[in-house]
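Encoded as structure tokens, here's the structure I'll be asking about.
Labels for the chains are A, B, C, D and E, by order of writing; each one numbers its residues from 1.
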Amino acid sequence: MNLMNFVYAFLLLLAAFVFQTTLTGINRKVVARLQRRRGPRFYQQFIDIFKALSKGSTTHGWVFDFGVVMALGGIMATAIFIPFGPLKAVPAMDNIFIIAYVLAVGMLGMAMSASGSGNPWASIGVSRALTNMLAYDIPFMMVVFGLIFAFDTSSLSGLAAIQREGGFLGWHVIRFPLGGIVAMISLQGMLGKKPFDSFIAPAEIASGPMVEYGGRHLGMLFLLHEFSTFIEVSLIVHLFFGGGATVAAFLVKYALIYTFLNIVSNVLPRFKIDQAVTFFYKVPLALAVVQTFLIIVVGMGVA
Amino acid sequence: MTFDILIVLMFLGAVTAYLVSKADLKAGAYATVLFSLGALVLLLLGRGEIGSEFTILFMGFEVTTIGWYFSGVMVLVYAMTAFFNSYWMDKMIYPGSYNFLYLFSLGGTVGLFFAKDLITLFIFWEIVVWSSTFIVPMGKSRRAAVVYYTISTIGSMATLYGIMLLHRISGTLDIQGAFAPLKNDPVLATVIFFIFIMAGLTKIGIFPFHIWLPLAHGSAPHTFSPVLSGGLVKMGAFIAYMSVGILPAYEAFKGSLTVMGIPIQIYALMILGAVSIVLGTLMAIKQDDAKKLIAYSSVANGGYILIGILLMDQLAFAGSMMHLFNHAIASAAAFLAIAVVAHRTGTTKISELGGMIHRMPLTYLTYLIAIISLAGIPPMGGFVSKWLIIQGLADQGLMFMALAAFFGSIGSFLYVFRPLAAVFLGQLAPRHEELASAPLLMKIPMTILMVLILFFGVLPGWILGIIGQIQVAAGIEPVMMSGNSILAVNGVLNTLNVFMVFGFGFLIALVIFMLMQKSRRVGLMDTYTSAEFIYTPELYHYGSAFYAPFERLYARHPSVEDFLMALAYKGHEAGLMVNALFFSHKPGVTVFWITVIVAVVTLGGVGL
Amino acid sequence: MINPVLLIAIPLLLAFVSILYKGYRNNLLVFGALVNAGLVLTLGKGEYLIGGFKPPFGINLVLDDYAFLGLLVINGLFLLITLMSLDKIGENATVLLVALAGLNGLLLTGDLFNLFVFLEITAITAYILSASSRQYQHSFNYLVLGTLGSGLYLFGLILLYAVFGSLNMADLSLKMATADTSQLVIPSLLIFIGLGVEVKILPFNGWVRGVYGNSDSLVGPLFSAVYAGAMLLVFGRIFAQVIPLGAYLKTLLLLLGALTLIAGELAALSKTRIREILLYSSIGQSGLIVTLFLSGLVFPAVMQLFNNILSKAVLFTVAGQMADTTGTDDAEALQGAFARHKLAGVAFTIAGLSLIGMPLFYGFVSKINLLFGVFSLDNYWLPGVILLGTVIEGTYLIRLLVKLWMPGEEGLVSHESHATKAPLEIQRARVMGIVVLSAVLLVGGLMPGMIQNNLSESGRLLDETTPVYLFDLKGGQ
Amino acid sequence: MKKALAMLLLVLVGTLLFMGIYAMEGFRPYGEVDLAQRVSQAYIDKDVTGENPEVVYGISKDLETGSANLVTSIIVNYRSFDTLGEVTVLFLSALGVSILFGSFKGRLRSRYQPNFILRTGSKVVFPLILIMGVYIFIHGHLSPGGGFPGGSMIASAILLMYLADEAFRIRIEGFKMTEGIAGSLYVLLGLVGLTLAGYFLSNFLNTGTVGALFSAGIIPVVYVLVGLKVGSELTGIITDFLKGEVE
Amino acid sequence: MIQYAGILLILIGIYGLLTETNLIKIIVSLNVFELGLNVFIISVGFVREGVAPILTSVNNHSGLVFVDPLPQALVLTAIVIGLGTTALGLAFARRIYMKHGTLNIEEIGGGIND
């Protein structure tokens, strides 16, 4: 780790931010079209973020501020670990378990800050968010566990490279279709999109964790949201869709998957949180266990 | 020479602390601090004497690396917790005896880890059991002490049976020699393995022996819960290590049926470990008492430690050994933080508290760092050890263990966050507005523990070095380090880099935060209330039934506790039956039994 | 070389004299106990004839190490208990003097019929002492069962005489050793039942609950320690050294012993009154010791016996004192009783822990030894039963100790204000006595060698055929 | 029901005991006992300590025990220790009864008045019974009987007096004293033996000629003591039992 | 068949102990038991055509066939001991009667403190 790594990391962060925010803007338009609206301009998301950042706000004590900084910092640190296509800011640190756990720092900061506001809506939102996490993460981790066992590496780029050796058919989503399905469903949960968005349900619990935020706090949360989306979608691209030999390939795959999920999300209703847990433990977890069993015991799909 | 002084000093210290307490209670409590710190210093000084042997009275001792490591963990927890003792002197029913038993049990634990023969091991084991048994009821529950004692004794008696059986087979009690004949006798080795490890299972609190942890940890005096959870539970890990490492189980079970390359005997226990993880997590999520919550988290973490030790490999074993240390200091720190809250407010019920961060920020920070480590989030120590364990599991392909481990890991986010949100964050009740922050003497150990948790999360090299030596001594491949990187089969972890990247991200976020417009500070009640007017902070605090929708999913779970209680009641009933059948003031009853016995015996005897 | 018959003759003489000088009977009792305790230390081992007729024709007293140790402990305990509870003796001084003679006779005699006589003497003193609780139905029950038991003993004895033509233990054991064991089944069983009534083997011990459960601070320790100790030693003498048991009977009787152990401990578990808990614990311990004797493990059995009676003397003294001064011995009503009686509490705790077999106390030494012993017989179920018993015993004793030390409702921090208001008093003499006893238990645990060497000597002398398991940590054997 | 069950059980036990006892090979059938197999032959021959020629009534002298009554020789000489114990049992029993009734006053009233014959006859018979009792325990070594029957007779004389006279009272202290002194003397006699001959209760006096009144060493002495003791003890028991129910 | 009678008496005594509820009858049963035992003991010492073990001017030398004197001595002791316990047992019975007003054991409380 030298200074150049950090410069590189900063640039990658910037790129990720620009890309994901643009994509979000585009998707707002896509969704609008689906709903027979015109929708905002594709750069509207940038305007929203910067506007929020520039406004004044209220705070509820130091942990409210500290939590936001910790959340954004943690998420950005995680984003640095994610390979941007073939590009990596920090060598040999794209270990999936590291990413999974570093991601939690940001989540914890966010939750802490929200609870620190003293608003019960926020706490309810956090409690749902954590429950949701317990639901989607287990099936996902199980599938990942199978992959690691099969290919003896827990490096994202390593796993992606292995897929690319077999061309399109080598993608894990093809070789391990059950795992692919599980991963896509889990990703939906991670992104907090319908049907798994009960923790921010705006009409029900006043946007849950976000209820007390405004101004720079809210702007930072927007940033956080973009980065965490970037992390989560990239994970799936690397794990199941062959990553990216070039930055362009990576971004295309990324954009397609994200848009697909967004569209799916918009045609679905919302699960109650306990329904979400039950669903994840009934279907995806079972699929994940079957998939992992096939990988570990039968060796199916492993070259 | 250092270690015999150490052990003797602890027992003398116990007496000294008692006598000093008779003169002045506070001074007695300070004596416990001095003696336990002295023990820590002696341990560190004696590092070079590993391998030496000595005897005290009729007991033989040998200093091994693993013993040194374990006792280091134990003494550290005792020493840190001792700082708290003086604040509870006026609340204890027998403060002098508390100080006495505190150091006495410390002496017991230290002696235990250095035992050279099995009887010495057992002697110190039981010393710890009974001395801690008498501390627990000074807290909130007498029943807890009895349950604790009974479950511990079931374990230690089984182990004693194992010790005696070993002696019968091998003719020696020496730890190294006693297990020797088992290598070539898988059946016997299986029997010994299961019997001998019982004390370990009960002490770690592995399912179905976990029921004593929430009871005892939850209701012990606040200054002893950290020791129970952080320290004494680890004694069980030592026994578990002996059963796998010294037996050596893998060699003895070579011919056994295997599951994923693990002999079925060991796999069976790993399943228990996995059940403990899931069960501990689920139960911790629904607790309303912060101490019980941490106690159940100890159950879950005990599961990790057991699985890691049972694997006896390069990664998971190292992870487990390190987790032992990490969990010890993290759970001690968490309990200490709760102890501060209890000291100031008099309760540990989550639903009765809230907003403590505004009154005791350092305590909050201690708790935060402790639970981050407990949940295994970087950059704390707990992350390194959990990462190692999961890497080890992935290496072996133990998917169900991994499933439990993931569940425990994610589940821990839920339960560690709950006290954080409901005790430290949220609304501060008006009755708590005048609370003072933690006294100075309490701040010292909390700060030390915080620094240690963070330090070993960023630079785990020193500890992993010791663990490497332990692994070499146990005959397995040591965990590999290169610079600050831990090299696992499936990946590399450079904790320093993680920390630096994390710092970098934090810095950027901080810069963004600082650059933007300043915020206006408003009160906690000045929030969005859906247009309601609310004036009671207590009611405006989300503290009870935190995960209600999730808890509902397993509200009607079957409970092994109910089963064990039913079993205990059956014993009670059997006792009453004995009483009713045989004991009467009427001679006829006994005459009847005499006649029956004569009939039964002669019936068989006449024919012979 | 003092003739051990003096241990019987002197208290007996003093007993006869004491009815002539009623005012001095307590002094005579103390004098007798002191003289006996002193005499024990000067005894010379060997065989002593009564009337000058050589056995098997005359009666002889056998003073081997086994008897010597028994005499030492029994006389010592008797003295201590008498001194502790002088205020409770009242009219019973003469009875106690006779009891002392009877107990010594039990331990010394080498003749089966003479043993019967001493058994009856001791039993009758026990009936009379048990009546001091004024619960006569229990004394009556004890009397009927005791008499029936001794009757059965006599029945068995006469069968042995009919077959082997002798009453002398040594002579009989020689003759029986070569005899076909199947014809010994009935006599051995009858003798077992006879002694079983006194040593509290399970189905024969219906009297124990009423008698021990109403005992005061004199009778309780006396019965549970002195009487029980002597009776068990006699049992050991007969069944480990005189009568050889066939495999069939041995198995059944071992099962009965194990049943007594577990059933006694379970019954204790279900009780809340201290004396009841302790009496069932005594039953359990008797089962254990009997089992050991039947297995031929004389030395561990004696160790465990001493541990049991020393502990029980302490426990029953305190429990009796509680009942005497407060009118109840319910643990619930007496919670936190030791908060005001710390020294007595510590002695009680040490005795309790020693009884469980916790390290640092003598009980641990004996437990380890007996386990070594049982394992050496390649018996693998018995240690399991013994350890199960230990678990149960530990549970209720710890429950009791916790209750007596730490008052408080569940959910509240233990505090002295919850302690019992019962007017509990423990006299200084008793406190001193139990402190001495518990100190013995502590020293025995810390320096097992001291007591061990003496004990093992006796173990070796007892029966050359059974190997003696020394308490040696570095490798056993 | 209970009785039937008890009966059934006892029939079973009885059968098993019968079978068991008579299956013991060493257990000789009734009357077919060989005394040479037992220690008893030595008692008959009085040759426990040494080889004796045949003992002849009125001629043999200075034997190890001089009692013509072989049972007495066993009771008071060979197994005298048992007898000491036996006396102690009786002593204890009297003591126990007196402890139980010690605090009672008055006399138990009988429902029937003693009639004339009883009242008068008892006065005549009383000394005769006493003399008979004394005779029996003095001749214990020669003829059937001894200290116990003799003592019982003495006590029965007292009982007779109790029955005959409602106002009859004895001075219990005197009997207690007799009891204590006799008991002490018995033990002291044993201790004298220990001092003189080295054995407790040894027959240290000259045993004389078998069949003579003044023979058998200490046997008559012991029997006199036993007789007095038993007599006074049983008297004590009777007296205590007849005490009224007023505490 | 005195010997059989002895065993039978023993059994009858035990039967009484099993079934009787009256304290006095229990003691009587105990005495029957002891009596049976004594009879049995005596019978063990019987020698066919043996004479009573007393040297008299008629049976004047030890060479004769005597019955076994030892059981007779033992029985004497046993009788006296039986007498002692019976006396004590009756005393207890009287005490119980005074306290509870009944001799029926079923009507007497068996609890420890009553």
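Rule of thumb we're sticking to: a residue touches a chain if its C-beta (ideal position, glycine included) is under 8 Å from a C-beta of that chain, and two chains touch if they have at least 3 such contacts.
All values reported here derive from a predicted model rather than from experimental measurement.
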| item | value |
| --- | --- |
| Chains touching both subunit C and subunit E, listed by label | B, D |
| B-C compared against B-E, more contacting pairs | B-C |
| Farthest chain relative to subunit A (centres taken as mean CA coordinates) | D |
| Centre-of-Cα separation between subunit E and subunit D, whole angstrom | 15 |
| Geometric centre distance via CA averages, subunit D-subunit A, whole Å | 106 |
| CA centroid of subunit A to CA centroid of subunit C, Å | 75 |
| Centroid spacing, where centroids are CA-atom means, of subunit B and subunit D in whole angstrom | 74 |
| Of all residues in subunit C, the ones touching two or more other chains | 113, 117, 120, 124, 127-128, 131, 137, 140, 144, 148, 161-162, 167, 185-186, 209-210 |
| Junction residues of subunit A, two or more chains touched | none |
| Residue list for subunit E, restricted to those that touch at least two other chains | 14, 17-19, 26, 44, 70, 77, 81, 84-85, 88, 92, 95, 105, 108-110 |
| Chain-to-chain touches, reported pairwise for every pair that qualifies | A-B, B-C, B-D, B-E, C-D, C-E, D-E |
| Touching residues on subunit E, where the partner in the complex is subunit C | 10, 14, 17, 23, 26-27, 30, 33-34, 37, 40-41, 44, 70-71, 74, 77-78, 81-82, 84-85, 88-89, 92-93, 95-96, 99-100, 105, 108-110, 112-113 |
| Residues on subunit E engaged by subunit D in the complex (per definition of touch) | 1-4, 7-8, 11, 14-15, 18-19, 43-48, 52-57, 59-63, 66, 68-70, 72-73, 76-77, 79-81, 83-85, 87-88, 90-92, 94-95, 98 |
| Contact set on subunit C toward subunit E in their complex | 113, 117, 120, 124, 127-128, 131, 134-137, 139-140, 143-144, 146-148, 150-151, 154-155, 158, 161-162, 167, 209-210, 213-214, 273, 276 |
| Subunit B - residues contacting subunit A, complex | 260, 355, 357-358, 361, 364, 368, 372, 375-378, 383, 386-387, 390-391, 393-395, 397, 399, 402-403, 406-407, 410-411, 413-414, 417, 420-422, 425-427, 485, 489-494, 496-498, 500-502, 504-510, 512-513, 516-530, 540-542, 546-547, 549-550, 552-553 |
| Residue numbers on subunit B that touch subunit E, as the complex places them | 584-588, 591-592, 595 |
